[in-house]
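Read from first to last, the chains carry the letters A, B, C, D, E and F; within each, the first residue is number 1.
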Amino acid sequence: MRILLVNSNTSDVVTGKVAAAARAAASPGTEIAAVTGTFGARVIGTRSEHAIAEHSTIALVAKHAPGCDAVVIAVSYDTGLRGARELLGVPVVGMTEAGLLTACMLGGRIGLVTFGRRVLPLYQELVASYGLADRVAGWRTLESTAAYGPGGHPELDREIVGAANDLVARDFAEVVVLTGAVMAGVPARLQPDVPVPVVDCIVAGVRQAELLARLALPKPRAGSYAPPAGRELVDVDPAIAARFGDAGQ
Amino acid sequence: MRILLVNSNTSDVVTGKVAAAARAAASPGTEIAAVTGTFGARVIGTRSEHAIAEHSTIALVAKHAPGCDAVVIAVSYDTGLRGARELLGVPVVGMTEAGLLTACMLGGRIGLVTFGRRVLPLYQELVASYGLADRVAGWRTLESTAAYGPGGHPELDREIVGAANDLVARDFAEVVVLTGAVMAGVPARLQPDVPVPVVDCIVAGVRQAELLARLALPKPRAGSYAPPAGRELVDVDPAIAARFGDAGQ
Amino acid sequence: MRILLVNSNTSDVVTGKVAAAARAAASPGTEIAAVTGTFGARVIGTRSEHAIAEHSTIALVAKHAPGCDAVVIAVSYDTGLRGARELLGVPVVGMTEAGLLTACMLGGRIGLVTFGRRVLPLYQELVASYGLADRVAGWRTLESTAAYGPGGHPELDREIVGAANDLVARDFAEVVVLTGAVMAGVPARLQPDVPVPVVDCIVAGVRQAELLARLALPKPRAGSYAPPAGRELVDVDPAIAARFGDAGQ
Amino acid sequence: MRILLVNSNTSDVVTGKVAAAARAAASPGTEIAAVTGTFGARVIGTRSEHAIAEHSTIALVAKHAPGCDAVVIAVSYDTGLRGARELLGVPVVGMTEAGLLTACMLGGRIGLVTFGRRVLPLYQELVASYGLADRVAGWRTLESTAAYGPGGHPELDREIVGAANDLVARDFAEVVVLTGAVMAGVPARLQPDVPVPVVDCIVAGVRQAELLARLALPKPRAGSYAPPAGRELVDVDPAIAARFGDAGQ
Amino acid sequence: MRILLVNSNTSDVVTGKVAAAARAAASPGTEIAAVTGTFGARVIGTRSEHAIAEHSTIALVAKHAPGCDAVVIAVSYDTGLRGARELLGVPVVGMTEAGLLTACMLGGRIGLVTFGRRVLPLYQELVASYGLADRVAGWRTLESTAAYGPGGHPELDREIVGAANDLVARDFAEVVVLTGAVMAGVPARLQPDVPVPVVDCIVAGVRQAELLARLALPKPRAGSYAPPAGRELVDVDPAIAARFGDAGQ
Amino acid sequence: MRILLVNSNTSDVVTGKVAAAARAAASPGTEIAAVTGTFGARVIGTRSEHAIAEHSTIALVAKHAPGCDAVVIAVSYDTGLRGARELLGVPVVGMTEAGLLTACMLGGRIGLVTFGRRVLPLYQELVASYGLADRVAGWRTLESTAAYGPGGHPELDREIVGAANDLVARDFAEVVVLTGAVMAGVPARLQPDVPVPVVDCIVAGVRQAELLARLALPKPRAGSYAPPAGRELVDVDPAIAARFGDAGQ
């Protein structure tokens, strides 16, 4: 099986981290292909950058999904998820969507740790868009950007552990989801210091993508996820135009 | 006052209709500038086209909003609304958002008429994203594309009137919102045949944009709508790069 | 255009303040008429006073709305809003309703500052009745009554600014609504010290009333906001009886 | 025990019916006092009449509640409930509130039968205001006014039975609440023809009022239901003024 | 009237306390029969113990309900409520359900005091299952098990009073529900120190059971609460088998 | 990997069907062990039977889960899910829970087909308990019991296909979940006749159980899913007593 990881950030650093974590998480025999956005923000961190990256996700999947069995949106805002899901014939999951739904099966209400006050509302809107707002026990937000740098980040680790434990102690969280593509691999390292399961969204994303691919359910032929057909687009990437069966004048 | 109408469809036909309706609706002294998308779908009608158009909206407002006092997203999915609102220093309203919030002040639950079964879920998600799902009395969807053609469309008019009256009779709607940029100007024509107010989203959008511009509230300096600063983007339209204070390598 | 401000408190002091703020906010050419309740509480601050004032609002609008193009309920509980909206042929908005809906277009979740612990539940019920509970980031309540006195109130100003900033810092509010008719004019003064927009409900109310009046939508002929007809009432103010087309025996 | 039934309609006919049903329902030793509004609508059926009747309820309870152990609002919109509950030292229940909460203990989702399309939204808002919207299976509305006339009304009975059975068959209602003060006594008569319990709101109201009176819980000393104190009102009924400890100038 | 109190804990201590409180609360002429579980947890305090006790409740009511006019589930998780309600021909109420619904009639939002952090999520799920989550002002949890011991527990009393007052002060609770069968009788003792009503769930349960019994509504003949008929069960208590009209092979 | 399928019905027929479908669905190397309840209903179809089966699930998993890597509750009411999840050190998923969460990743709103009007409310309560009520597009219920008989059931197949297509056509469902353990294997057969994915809950359950087992997240040490410890139970199955570290007197 071949799974495409789509990072619509335009920074290879995170792609490398995510791909490594995905490979470690994947089943034997699953191949991970990871691609990085070619236009837009280095690290998506604002609403307008997210809007640009919606397009980038479509361009990336139009070009790179052929030959893949499933796709994981490896941006923690699940940027472009619904559009890609519609466009492609193979399953598409968002990393945060997969993390949240997996957490639901671990029982109880979910505590979320996010990075950056500024983007907290985006995560709240994302969770609400999945209809899962009532499953949330609470939110904690950390400001550190240390995770983007090289090497370990013990201080950040301590902050994350502190936030997770506070969610358990004060908000009665029964599972913690650690958001952010750059956090791939971190939950396993911190798990011993947190008394409830900590979900790694990349791990969940890869695993759920494998699961959906194996279910081999058909592409919808009706509704808003049916393949777009007979559409006319202009001045888009040839790979996008090809998906729409259109010359992309 | 100068208001920018942003049509991220790449079809001038709708832009012309919307601009005419907007000019008819605007206050004396309000100038309407209308722009059309340069890439993406002729008429946005799928999730992936919507994703591409999110970027298009950002590109359009980055280039054309300077010198304007407010912006109306003149695509009925309010495509790119949150990103544009963040990016710009002037108010931005979505036409459907404005239609819904205006309808709220007319009292009671809202009936919505949409075009095309396929996109109904997008509207449901849009309304839910505004926290207004509980204000909805019901939905009706029509399949006609007659409105995009030239001349009148009396048969479609009859269908719309029928749908609106059915929302009143069976779902107890107390106000009707007619979605779709191409519907600009239609509500006034059909109003006599519907016993509750029918809201024209372009009219509501232009009026609410004027209202917000006159309030002259400051741009947020905190939170997810504060101006993005110190961001690094690559290969984006120079107008976008300029808004981010970045060379857009 | 002529807009009626209805203050169903029986105290002229607030009416004067509100009217001045409304005149400052209104468009050129808009005339503001402000009326004060003739029976009931000096300052509505309890549930039973609010119940009495529901009647008072009806009596005031029945008598004073003729000749006006729109009505603003200038009591922050929007007392009598739904009844007045039904009774009159012109648009009626509640000041808090208008403030909340306007805030919705500024983006994100709303922080509310209210006065008096005792009435906080009334505001919570009011916001919920508009279907907007999910848009609320948090509440702060202040106990000061300084605003009703003459002159400035710098200490209260500091408390309001503190509450607003706390809503931003701890509850991630992206816009603040300052409730209370007596607060008319205050948001503009405090805005420089708050990093997100602060909405003045009287300003929003007057502007939205103007907007609705200009839309010139018809009075509903069906549903719960259609004009009451063929009703029989006893011992009510002749102005009310006249509206119901009844002699008011 | 003495229970006050408050009918803020100004029509004795309904008062008589309600009082008879209440007496039949009450425990041995419970005395029923029933009072009728002195101003406002003969039969409340519109939003503005409801607003006037909010005041009427306060006036009636201020005058007649002394000496009573509990109060039942015998208008099916529970008009003035929250204000009366605040004002009085004894329990106050709304007939529809009591019917709904009693129905909750019978299990499952509730079907509601209401009279008059026009007022359906008022009932929907009322149920939502109690936080019980999710308990509703469905609504049916009948237009007959036969119940206000003398004698039996077999045709209306058939319509009610039909509506109730339809709620069971199509909406999976597991209990039916029949709204309307004038319906007092009807559920018992129709029960044999409906396969789920049919709740009589007057019966539920009287029984719940007795229950609350026997609990003998103290009047709140904090919050929005604490007794209003030190308030200043003008030109209100002396009985109201007396309750507020004020001369009612 | 004879009311059965079902304690599916297997500890007589709590049964005795609950029965005493129930007898003190019941109307003259109401006889209280109290039974204790014969298998499962001494004191239900975990999810798996609760699952076992669901069965225990069915066994207890199958055996002991005959001859009773109503049943109160005297375990604060309302264990087995829905099953018992279906199985029996007489009304069944849960003590916490009754406490919450009674609290709803006292007005405003409800503060809940629970015992043991571990079980807080069970209470949250219980309240949500009744559709009452929006009526909750806040939760407080205490860890003391002193209430299970003999004699008074003044320290615990102080903690409860502190929690209740904190719910009023910080979460604007307008009524407090004290959960836990072992708390029967405690609210009356602590009421003087709390400024809003404190509901005793056993008292509420007994009173609501009496009320429902007196309503004498018929057993549903349709829906999920109709009597199970023609069912086949194996290896169950003969009393259960008898209820199902089956030999319990 | 070894997965335990728990059928707390006391009928081997369904166990056999479910086990066969589970084996067909499982990954290579996954062994399926399936157990059947020893007491309670042949086919759980009422609330009281469900309550008894809650206990049965606990008894089954206490006895049979040792040596397994994950558990699937193979009763479509997910009977005993939360208790088993708490009790065991390995992941436990409910078949309907897994079907719903998997459906969430296929996009859009979910249509559910259930068997038997009587149990529809149980499914509605189950979905609501997962916080997923807003993801539901609609419900259809069929009365056939043909699936429990031997051989094919083409008429039932046609009914299911009809219900699924009606959910798509009228309720805009974008994915269909077919409930009922006895339906294992049916979705694959009917999929060609339904234009959106049809989820097989047993397949989803087995796959999600595998996924969770491979994640190897630790057992919670805090909260309501931590292992029960130091508990005292009486007269329970020795296997249950052993899990609680107690002699089960």
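Everything that follows uses one rule, which is that contacts are C-beta pairs under 8 Å (C-beta built on N, C-alpha and C of every residue); 3 or more make two chains touch, one makes a residue touch a chain.
Predicted model, so just to flag it, every value in this text is computed and none were measured.
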Contact-graph separation of chain B and chain E, given in steps at minimum: 2
Distance-maximising chain from chain B - centres being C-alpha averages: E
Listed chain pair A-F, A-E or A-B that repeats interface C-E [over half of contact pairs the same by residue number]: A-E
Chain A on chain E, rotation in degrees - Cα superposition, rounded to nearest 5: 120
Maximum centroid distance from chain C, chain identifier (CA atoms): F
Euclidean distance of C-alpha centroids - chain D vs chain F, Å: 44
Centre-of-Cα separation between chain C and chain B, whole angstrom: 28
Length of the line joining the C-alpha centres of chain A and chain D, rounded to whole Å: 52
Two or more partner chains touched - positions in chain D: 82, 85-86, 108, 117, 120-121, 128, 134, 172, 174, 223-226
All touching chain pairs, where touch follows the definition stated at the start: A-B, A-C, A-E, A-F, B-C, B-D, B-F, C-D, C-E, D-E, D-F, E-F
Contacting residues of chain F [partner chain B, same complex]: 108-109, 134, 172, 174
Touch list for chain C against partner chain B, complex: 27, 82, 85-86, 91, 93, 97-98, 101-102, 104-108, 130-132, 134-135, 168, 172-175, 191, 195-199, 203-204, 207-208, 210-212, 214-215, 217-218, 220-226
Chain F - residues contacting chain D, complex: 117, 120-121, 124, 128, 133
Interfacial residue positions of chain E with respect to chain F in the complex: 10, 38-43, 45-52, 54-58, 80, 82-87, 117-122, 125, 128-129, 223-226, 228, 231-236, 240, 243
